[in-house]
Every structure is written in C-alpha cells, then in structure tokens.
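Notes follow once the structure below has been shown.
Naming follows writing order (A, B and C), and every chain is counted from residue 1.
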Amino acid sequence: MITDSNFERRQAVGKLFFVWTGACALVACSLLFLILGYIAWQGASSLDWSFFTRLPKPVGEKGGGIANAILGSAKVVGLAAALGLPIGVAGGLFLGENRKSRMSFWVRYAADVLNGIPSIIVGLVTYTLVVLPMRHFSGLAGSIALAVIMIPIALRNTEEFIRLVPDTLREAGLALGIPRWKVTLTIILPAASKGILTGCLLAVSRVAGETAPLIFTAFGNRYWGEGMLQPVASLPHTIYTYAISPYDDWHRQAWAAALVLMLFVLTINAASRLWLRPSQEGH
Amino acid sequence: MKRHFDEDLDGLAARLLHMGRLTEEMIQLAVRVVTERDALLVAEVKRREHEVNELHIEIDDRALKLIALHQPAAGDLRMIAAAIKINSDLERVGDQAVNIAETGEYLCKEPKMKLFDVPRMVEVAASMLKDSLEAFARKDTALAKDVIRRDDEEDRLKSQTFNELIHLMQSDASTIQRAMDVILISRNLERVADHATNIAEDVIFMVLGKDIRHRHVEA
Amino acid sequence: MSTMTMPMKPQPEAAARAQQPASPVLEIRGLSAGYASAPVIRDVRMDIGRGLVTAIIGPSGCGKSTLIRCLNRMHEIIPGAFCEGDVRLEGHDVFRMDPVHLRRQVGMVFQRPNPFPTMSVYENVASGLRLNGVRDRKLTAERVEKSLRQAALWDEVKDRLDKPGVGLSGGQQQRLCIARALAVEPRVLLLDEPCSALDPIATARIEEALLELKGSLTMVIVTHNMQQAARVSDRTAFLLMGDLVEYDETQKIFTSPADKRTEDYITGRFG
C-alpha cells in the first residue's frame, strides 16, 4: 500500500506541535524585547553627553550625571576581576587536568555551592570580615565581595573548556617528552584560551550588575570618592538609590542608568558569542 | 572458518589434477603406440595434448587472478606457487608424451625392435607421476619423498638401456636407426620421471614450507 | 636539558637488516600489563632490532597498543593501569628512568593525527625542541626542515610553514605528526596504527616515508592491516589474546609461519 490513511492526521498533529512550541519560544523571547524596549523607551531620552560625564547634582536639582557611578563600577569590577579571575582560572585548570582525584571532587562541590550562595549573603559576610575591621566602607571590600562571586563562575567555566580539549593533544605532548605541567601550560591552555576568556568576560558582565553585595561594602558615593579604600559609587547601586527615591528626576536618571547597564551586558554577551563561534577556515 | 577463497583454491587444485590425469593417459597411450605398434593412437595423444595446453593457460590465469585479488599468504601462497610450477611440469610431461608417440609412429613403420628396459622405465615413470599427483591431492609428504627417491632408479634404468642399445648398435649396424629411436624414448621417460620429482618437491614445499630442491632428501 | 650521550650513527641498510650482529635497541622480558587487575598482555619477550621496522599484528583487543605504550611508558598515564616486567632501552631499565627523558628517546605517533591546534606547521614540528628548552633558532630550523623531508612533507608545506597545522589534510597532518616526533631525534619511533584513519594514497605516502627511514631509525608499528605489515616491516610479531604467539622475520611469517594460529590469522580463517 503506497497511500497511508493516517498521513493527514499525523501531519496535522505535527503542525500543531510545531506551532505551540514555537509560540512558547516567541513568548520567552519577547519578554527580553519587552524589558529592553521599556527600558530604552524610559531611559533613552535622558542619554546625553552630560549624563555620562557629570557628577550627580545635589538633591532636588535637575540634571547631573552618573559619571562617578560608571567610573566606580569600572574600578570595583576591574579590581574584582584582577582578584577573582586568576584564582578561578587556575583552579579550573587544576580541576580540568586532575579529574578524578578526591580533592577535585571536593573542590568542584565547594565551587558549586559557592555559586549558589545568594549574593546578598556574600555581601554580608564581606561586611563582617572586611568592612568592620576597616571601620569604614570601601571599594576594596566591594571588589572582594564581587571576586568571591566571580571565582566559582570562572573556575567551572575554565574546567569545562579544559576538559573539552581532547586527550589526544595531551598524549601528543607527553609523547614528545614534554613534562606534564608544560603540556598543560603551553598546549592545553592555549587550546582552551578562547573559551576561558569568554567565560571570564561573562563573569565580568554578570557581577557588573550585582547590587546587593555592594550595598554593604562599597556603599556608594555621591562624588568621585577618595580611592578604593573609601566608599565608591557604582552603577547598580546608583540605580537602586535613585529608583527608591521620591524624586521624579532621579527616577528618570535611574531608567537611563539601567539602560546603560543593559547595553553594557548586551554588548559583552554578543561579543563573546561572536568570538566563540567555530571558525570557518580549516577542517 | 570456510572461506570463499577456499573454494577458489579447491577449484584450482581440481583443474590441476584433471590436467594430471590427462597427462597420465597421454603417457599410457603414447607407450602403447610403441609397444603395441598401433599408429592410430597417436591421434588420441594429440587430442589430449590440445586440452592439456588449454588447461596450461587456464591454470596460470586462475593462479595469477588469485594472487592479484587476494594477496594470499602462508599456506595459501605456497599452494598457489606450487600449482603454477606443477602446471608447467605437467605441460612438459604432455610434450614428452607427444614426443614418445611421434617416435613410436616412426618405429611402427620399421621392423619390430627389442625394447630392453623401456617397459620397466614406463612402469617407474608412470607410477612416479601418478604418486606425485596423489601426494599433491592428499598433501602427503611421505609419498612425495618416496617419489623423489625413485628417481634414482629411473636414472639407473636409463643408463642401463643406453649401454645395452650402444652394445646392440655396435654389433648390428642395421639396428642403428631404431636403436636411436629407443634411446630417445628412454630419454623422454626419464624426463617424465624428473618432472614427477619436481612435482613431489613442490608438494613438500607447499605442505612444509621447506624448499628441498637441489638437496639430499632425508628419509 | 641533558640527553643521553650515546650518539645514533646511521647504519647502512644492508647491515641493519635481517642478520643482526648488532645488539637490539629494546629488550623486553616478561612484560605483563593491563588495567585494574586484569592483564591485557602476559609475559611478552622480544628484542627490537636496530634500524629495523618491527610490526605487531593481531586481532582487536589482543594487546598490541598496550604493548607499545609500555615501551615509552604512555600506558601509565591511564588511571588504574599497571605494567610489570623488564624493558631495557640500550641496556637501561626504562622503569627506572625519568619518563619524560624516556619519551624523548622513544617517540610516538598516534592513530588519529593530533597536531597542536594553536600552532603553525613550523611551530608544531619545532614544539618538541622548543618546549624542551632548545633555544638555537638555526638548529631548530634545520631540524624542522630535516624532519619534514624525512616525513615526505617538506615539498607540500615549505611555502606555508606559518599556516595553522590543523589546516592540512588528514594524511598531511599525520605526516606532520611524524615530523614532529622525528624532530627530537628519538632512537625509536613507535607508531600505533598510524594509517587506520587515512585513505589508501595517504597510507602509501606514509609507508614510503617509513621505508626511507629504515636503517637510520628503529621503528615499531602496530597495525591491524596485515598487508601493511608485510609491505613495510622486517620482523613481525603476532599477538593473540595477550600472548606473543610468534615473532620472526616478516618473510617467514607470511610464507611459512611456524604456529598454526599465526597461519589461521594470516590467511583469514579466524572466525
């Protein structure tokens, strides 16, 4: 029998399934566009040169910018990256190369737990361990808190990409009479470098938006601040402060700041996706 | 595990043995031309020679094909190498049979001639040929070694016949023509025995992987 | 970095072939190896002849790869692997040597070509030298060219030495790996089914390269292709279920093997 009586029914069910799942996917996507769109609508009009370069005006006055918050975020996140990424990458390197040892099991477990700790708790702990002994809030404390959040992200990501490097490369290196550590450093690490760097970028973009830990550590600052050992302004903190304030002008600025932060995160995401695409040349 | 290749090898052996049977028949018929002075049998010999020559070509062809397509090794390789060589020896045996028949044809036209040890030589040569082919069929190295040993007797008989015929020619000049023919026939038979010996040596190489040519055979 | 001070003189092919008055490069006695507690090879005894190609054949799982991996101690990087017995390289016990040092003397080429993806052709071949501390640029360049010529790859890559190693075809990549192994001038080169991932033409090129290297380099090749063993090797070892069944000159193994199991394997009668 060439013809099939169930054919039409099967086709219909298939189409329905496709339509239904497609619609759900669209809903998920559209949420992103909704959020982006709303923020852009609210905040785009406030973006001008003075917004990026001016300090906040005194309470009640219109105008002013978030220059200190942008710089402050850069400093705090930058220092956090300098502290947390090397530790995370090195740890991931260890895990990637020593997969089955008992120590690896516990390290992996600890990293996963650390990853799951709510950021506000990290902030609180840092408050107790850094801010209190120092007797004041500081950018340094903020960086430490953010670094703690970044470490497990970088670690697990590095481990994944090290693992992705095929064992055949390790064998090839060892068979040439190269010591194990040199094989890891000069052959495996470069091979995984793209993925590792991308992971670091994503970790940076993730902590750039963390607010809760910074409330207890960097504390925020209406001015440029006096260095990392003093309170420092940051974007998410500024958004929070302005959003819960009673002033309309500050609300407007909060939307704008939110847009700036969103654009930053989007750019990093898009760039890392592009970079990590498999290359077209070669085999 | 039986392989398709085994069927090909068995086929090759079967054709070879068929060729062997034909050459044995040719020898028998050719000798009868001499002993029974029946010139009509020459045609029979020549008929079989035609088939033997065709088999000669066919067997070499088969063997080459098996080598080209199957890259045989070890026992299979030795068997095919032996088959090629035995093929050549059997074709020569056929030629010897034709020679005997043609010489016999001349003798038929002459008065009857004393054959001395030629009948005995025929027995030895024919049995050697038969046994060497049997040894190939059964992969029997003991039989092959026995064939090789008998070659000495054939050589001895040939020398004996030669001396007796020389004696005869010296005493009676009218027998020279016929005596020469008989000497030729004895030579043909001795060659047949040599070919049977070659076949036996090839069988030993095929079975044992030992090349015993040009060397003394141990018991 | 120190290297063993015994220089390898290239030997004329005739002297290095069959009749071996020279001492073997590798002596293997009572070698057993495996994983967890299950042995894969048992009590293997063989001598690897100087300047010769020795082939190891046998059905899958018979322990061929395990055997050669014991020779440069690559077997031990697998967790749970064990290896016992006596293996001597030029008289020195390999299990007492630093494995890194051993692997510079006994190189290896693997089944799937594995050039380093982040390095160019030149860097790949030079990697064994560079990463072992050789700084002399001129020497490195000479060795790279020599190795690429020995691997029959020079003509194809001489104008693209700085292009990525992974941009070559499969057969070229494998020759690149051979050149890379040759650059450190090992005494012995182990090849674990080097052609099984390649097409017949690439295979033929590599076999030609190996034939050219005969005499000046000792090679041990594991292959599941018997005809390759027949074409390329001087001596052949037949391994069956972990036992060394027969080890003799290749011609003898392929014309009249002594053991029936060898004969059955070679003629394809294995069920």
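Throughout what follows, a contact is a pair of C-beta atoms (placed from the backbone, for glycine too) under 8 Å apart; a residue touches a chain by one contact, two chains touch by 3 or more.
Computed from a predicted model, the values in this text were never measured in an experiment.
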Statement: By label, the chains that touch subunit A as well as subunit C are none
- line: Greatest centre-to-centre gap (Cα means) from subunit A is with chain B
- prompt: Which whole number of Å gives the spacing of the CA centres of subunit A and subunit C?
  reply: 48
- prompt: Roughly how far is subunit B from subunit C, going centre to centre by Cα mean, in whole Å?
  reply: 51
- prompt: When the centre of a chain is set as the mean of its C-alpha atoms, what distance in Å lies between subunit A and subunit B?
  reply: 94
Task: Would you pull the subunit C residues touching subunit A in the complex into a rising list?
output: 72, 74, 77, 79, 100-105, 107-108, 110, 112, 114-118, 127-128, 131-132, 164, 166-167, 169-170, 177, 180-181, 184
Message: Considering only the defined contacts, which subunit A positions touch subunit C in the complex?
response: 100, 166, 168-179, 182, 186-187, 190-191, 193, 281-283
Message: Which residues of subunit C touch subunit B once you look at their complex with the stated criterion?
response: 226-227, 230, 253-257, 262-263, 266-271
Message: Could you list, by residue number, the parts of subunit B that touch subunit C in their complex?
response: 1, 3, 5, 71-78, 208-210
